[in-house]
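We call the chains A, B, C and D, going by the order they appear; numbering starts again at 1 in every chain.
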Amino acid sequence: MDDLTTAGFQTLSDLESAARAKLTDPIWAYVQGGSGNESTVRDNVDAFRQWHLRPRPLAGIDAVDLRTSVLGETVSSPVYVCPMAYQALLHPEGEAATARAAAAAGQLAVYSTLSSRSLEEIAAAAPQGRRWFQLYLQPEFSASEQLIRRAERSGYSALVLTVDAPVLGPRDRQTHDGVAIRSPVPIGNGPGVVPPARAPAFQDGRYAFPPDACVDWTVLERLSRVTSLPLVVKGVLTAEDAAKAGDLGARAIVLSNHGGRQLDGAMTGLDALPEVVRAVGARTEVYVDGGVRRGRDVLVALALGAKAVGLGRPVLWALAAGGEAGVHRLLDVLNAEVAVSMMLAGRRTVAEIDRSLVVRRPA
Amino acid sequence: MDDLTTAGFQTLSDLESAARAKLTDPIWAYVQGGSGNESTVRDNVDAFRQWHLRPRPLAGIDAVDLRTSVLGETVSSPVYVCPMAYQALLHPEGEAATARAAAAAGQLAVYSTLSSRSLEEIAAAAPQGRRWFQLYLQPEFSASEQLIRRAERSGYSALVLTVDAPVLGPRDRQTHDGVAIRSPVPIGNGPGVVPPARAPAFQDGRYAFPPDACVDWTVLERLSRVTSLPLVVKGVLTAEDAAKAGDLGARAIVLSNHGGRQLDGAMTGLDALPEVVRAVGARTEVYVDGGVRRGRDVLVALALGAKAVGLGRPVLWALAAGGEAGVHRLLDVLNAEVAVSMMLAGRRTVAEIDRSLVVRRPA
Amino acid sequence: MDDLTTAGFQTLSDLESAARAKLTDPIWAYVQGGSGNESTVRDNVDAFRQWHLRPRPLAGIDAVDLRTSVLGETVSSPVYVCPMAYQALLHPEGEAATARAAAAAGQLAVYSTLSSRSLEEIAAAAPQGRRWFQLYLQPEFSASEQLIRRAERSGYSALVLTVDAPVLGPRDRQTHDGVAIRSPVPIGNGPGVVPPARAPAFQDGRYAFPPDACVDWTVLERLSRVTSLPLVVKGVLTAEDAAKAGDLGARAIVLSNHGGRQLDGAMTGLDALPEVVRAVGARTEVYVDGGVRRGRDVLVALALGAKAVGLGRPVLWALAAGGEAGVHRLLDVLNAEVAVSMMLAGRRTVAEIDRSLVVRRPA
Amino acid sequence: MDDLTTAGFQTLSDLESAARAKLTDPIWAYVQGGSGNESTVRDNVDAFRQWHLRPRPLAGIDAVDLRTSVLGETVSSPVYVCPMAYQALLHPEGEAATARAAAAAGQLAVYSTLSSRSLEEIAAAAPQGRRWFQLYLQPEFSASEQLIRRAERSGYSALVLTVDAPVLGPRDRQTHDGVAIRSPVPIGNGPGVVPPARAPAFQDGRYAFPPDACVDWTVLERLSRVTSLPLVVKGVLTAEDAAKAGDLGARAIVLSNHGGRQLDGAMTGLDALPEVVRAVGARTEVYVDGGVRRGRDVLVALALGAKAVGLGRPVLWALAAGGEAGVHRLLDVLNAEVAVSMMLAGRRTVAEIDRSLVVRRPA
């Protein structure tokens, strides 16, 4: 616990500054970097600025309830921790610190296949926490299956399949300053677990990708056969794919461009939200991540139809700034911002955050 | 009177610079700060820049008349002084200086529940001035009622109920540099008077707000029962709420996001103006505040249907820069800008400032 | 002649830099300044950037002809020199230098009532030049009439009535750094000639303007009665007023916001062009000024329906930079840019510059 | 080969920096400069930023194939090298280095009439490379015909007629810092070959251009009569001209504003793409150049209907940075970015890059 250091953090921006001061240049490049020249990273943040709130005061609110459910599980807030690899780069306790903080806050956290700690260690660090397991498909399906089994045994309650990273996007900053992306720190889930392949090989006139990068929609069926965990598809950005995911049994989708780290120039999850919710909102839960920095951003996403909102880089900042206490402080600060914003907006519950709360910012 | 110091002020921007030079960092943070990262403060100013004026020269104008009425009272200008707390932070005379300057100018001023001077002192400072009383509901309704009684006795001619601040919004700058918001200087209306509560308490899974923060629309009826002062509802931003306020007896509403100090990301009062005027303009007076810095801004607001336009931070700058003389100079400068703009726009009276005067700035 | 100094000027921007280096701060403030915080000055330049050109190559052009007519008079270019006061502030020869340069170029120049040189001196400096006389109405109509008589006798072939400056707009920069606007140098047309009044006087609750500031549309009729010179109304920005001017006998109008020096926040002449040309283009010539800095800007204005395009501040820069030779160089450079742009756009003549040449820049 | 120097280049931006460091100011001005104040150069790059990608993951892709055809010839990538003059300014080997790199990559390159090396030398440097010849019409048609004959004999397989440069646009930067444009280095194709004329001469009231600048659409017919090479018209920006080119036998057109170097204020090729493809896409191949800096830009252009995408300044940067190896590295880096972007976007082949891949960036 680093209470003294984190006590002063009032905003996510404070945490960012504190993290910058603590981290080496290569690790900072890894955390902040995105694909290409990072315009997609910036687009994620800007997308939220394009909406204004239409508050409804005098709503007679004595208390605000942030609780909601994701796939039927009650959580204390619609904000969850996105799966992020290699958290030991930020703090020696890595995902264990994140897990303890999220569990203490009653919030969902999703853990990456590429966690620095094993999924069992993460579960043991916070047995009561709500946790989902994020899967990067492994070269052998049996290896993926083994990870799923372990996740089932360790109390992970949903399987989040990331589909936007069959290979890694080009990241200028990392290329120039960065840590080597392939296992910069050991992968907690074992030496057999591998990250997405870095680059294609040019042969016979084509760019051939490692065989495990070749995945199609049938994978959803294959996964359904080996686990009864509800399936979440992460990295979809179109109504077409959202519908297809639902048709193939996905219970939820995450609109995401992977924090701007994968396809350079991809649209933002937030911009995709209206079209996707219109298409599948009635039957599939829709989450969104990327660019969330303030309580108001959470309200915007919920008003546009998101069921939950993922928090990415800020968690890494918080880890670096103060380990478990840092993440705890982060969640506290953000939830309080959400709560105060809801109060001022006249929304008592998450369910009351409807489309009429937002209006496009005039051009 | 600080005539010599204020004589040189030609624009509101001069007053801002002069105030900055005189004030300590924490007080400056209090004055300038807004909720979140202050994008809403900037939005307020930017909103006016999105409109251009369509002047009609050769209108045969020998004189321009800024006089208008608010709730039937004649005022010398459609510009009024917004209610702002703790004016002794800016100048030892506080609201008394403001009151003398506004009265001398023949302009309406609204005084905050949280004034540094008592409402009786303010009235005594400028007995002839037009003054309205802004009410922050007190934890006990009887305390609110007492304030209203005192306002009635001291010649305040309307009651302005602020509805957008049941709790305080998060303000990064104040948090970092600022004065403690809870009574940074004594509240003139007495030790029993309290400002809006700062933050919710997390308990039983919800964010509970102090009981007095829980207010609904029935408060309008309760206030109507205890006073015959006309009621103005301040802090509404939607046509829905404007209609509701009118239905419940409000004689006027103020479109405002509280100077960008409350709900981070709120739409601006100016952006709300067209929809609200369309909905209720025929029966309810609509005022707007936030971001007014030049005479042209006043014309834009009036052209979009505002009956009057509130001036906030600039009054604090003026107070700091030159006390009563500063505020007097501020009103002089701004009214003269309005008058010259009307002359150049071909509008002899406030009533002639119609919708055809403005056009959206091409994107 | 300052040939050596001006030989190196390749663009209008070069002339601006050279002028800045030569002029004192107050005179620079006078030249560059505009009303308010000068956002309207910037809007003028930006308005042209919102249009892109759609060139039509392979048009079989061996030569480009910039000649056109204004009110039936042939000129060598659609670019003319706007009326600008006090040109002796920039160069000792003042308007005489401008007149010789414009005449040598075969271009129209309009001379201000407030010229530093008398209208007779200007005519004598370049007897063959095409010149129009710009009238600021004088307090006594007889004084205006006298000026018109002198203009008729000195070969001025049209009368340009400025209608957007019954009083002067507030100009922050001039107020702070500037020369006193009321006759900073002697007015060449005589001691009896007076500039527009500076400010209103507040009396009896109204802002009273000097009597001569009170002008209405009947002035057009009065002027028509005392002169047979064709009448041009300068400073109109709406279709309504353009139509009215035409109805009352004006032969042309100038869409202008007075270089952003008068009504702060006024729309730009260029933005007004489409609506005005649609309304009156068939019967009234429409000119535009404000913000022209490159040959392409001239094409944009002509494509949107302007019959001629006025050049303002750049002429002052050129005067300061090199006197007559500077202005000559300016006109040469700009006309050559227009000619090359027309060649590349596939337009042989001014008449071929049609609406299909421009497209709104995508937002 | 400069392998060591080029090995570190990861992005086109790296190549730009390396080139800047190696080149003298005048040559840098020549490379980077554009017409006017270079807003058109910037518009070219910005145009691509106005589109976002809508990726379709889980497409079951094992390899990405960048191969496509241009006028029936198979190339390894839809990216080709634009014709650019005077490449010896960048590297002593000039176009020979470019030719070897493009041939090794299997990509099309177009060589300028104004190449530093003769078209025979270029062909000899990379006999197997796909090469097209770009023609600047010569003052005598017979001289143009001779060049075409030589191109035919040297295995150039198409004739690209540039139509947007009958004269040179005004280029501020070159004017101020630049190399003399008329043959800054010897023209490889012989002393008789001349570049487009620089400027018009003002005579008899018109701007007369050199006779060879006067070209109309009949030139297409004349060229068709003297060669059976397929004809490509470069420098068209409208649907009207695209249709006309097709009617007159052009097999392809290049939407281009000449890298922002000719008509100041011209629309961008990318902005023209939708309207042109709609008009002629079914019968005429449409290419686009200008502003391509990342793999994502290539996808945007293809999604909007371009059959191929030209690369300009980056090739010059690469030549300066590392000669043949630099250009090779450039093509490698860009193709790999395209390939990874296609993989992440779920497009296996160039043909699969359809209009549904892109969406306008929300304003």
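Just so we're on the same page, a residue touches a chain if its C-beta (ideal position, glycine included) is under 8 Å from a C-beta of that chain, and two chains touch if they have at least 3 such contacts.
Just so it is clear, the structure is predicted and the values come from calculations on it, not from any experiment.
**Student:** Which chains lie in contact with each of chain B and chain C?
**Tutor:** Shared contacts of chain B and chain C: no chain.
**Student:** Any chance you could name the chains that touch chain A and chain B both?
**Tutor:** none
**Student:** Could you pull out the chain whose C-alpha mean position is farthest off from that of chain D?
**Tutor:** Farthest by centroid: B.
**Student:** If chain A and chain D share one sequence, what is the angle of the rotation that overlays their CA atoms, in steps of 5 degrees?
**Tutor:** 90
**Student:** Check the residue numbers that chain C and chain D use where they touch, and answer same if over half are used by both copies, otherwise different.
**Tutor:** Different, since most residue numbers here occur in only one copy.
**Student:** Averaged over CA atoms, how far is the centre of chain C from the centre of chain D? Could you give it in whole Å?
**Tutor:** One centre to the other, that is 42 Å.
**Student:** From the C-alpha centre of chain B to that of chain D, how far is it in Å?
**Tutor:** 59
**Student:** So which bits of chain A are touching at least two other chains?
**Tutor:** 363
**Student:** Are the chains arranged, by touching, as a line, ring, star, complete graph, or other?
**Tutor:** Drawn as a graph, the chains make one closed cycle, so a ring.
**Student:** Applying that definition of touch, give me each pair of chains that meets it.
**Tutor:** Final set of chain pairs in contact is A-B, A-D, B-C, C-D.
**Student:** Would you mind writing out the residues of chain A in touch with chain D in their complex?
**Tutor:** 36-37, 39, 43, 47, 50, 163-164, 166-170, 172, 175-176, 199-200, 202, 205-209, 211, 213-219, 235-238, 240-241, 262-268, 271-272, 363
**Student:** Taking the touch rule as given, give the residues of chain D at its contact with chain A in the complex, in rising order.
**Tutor:** The contact residues of chain D facing chain A are 10-11, 13, 49, 51-67, 76, 106, 294-296, 299-300, 335-337, 339-341, 343-345, 359, 361-363.
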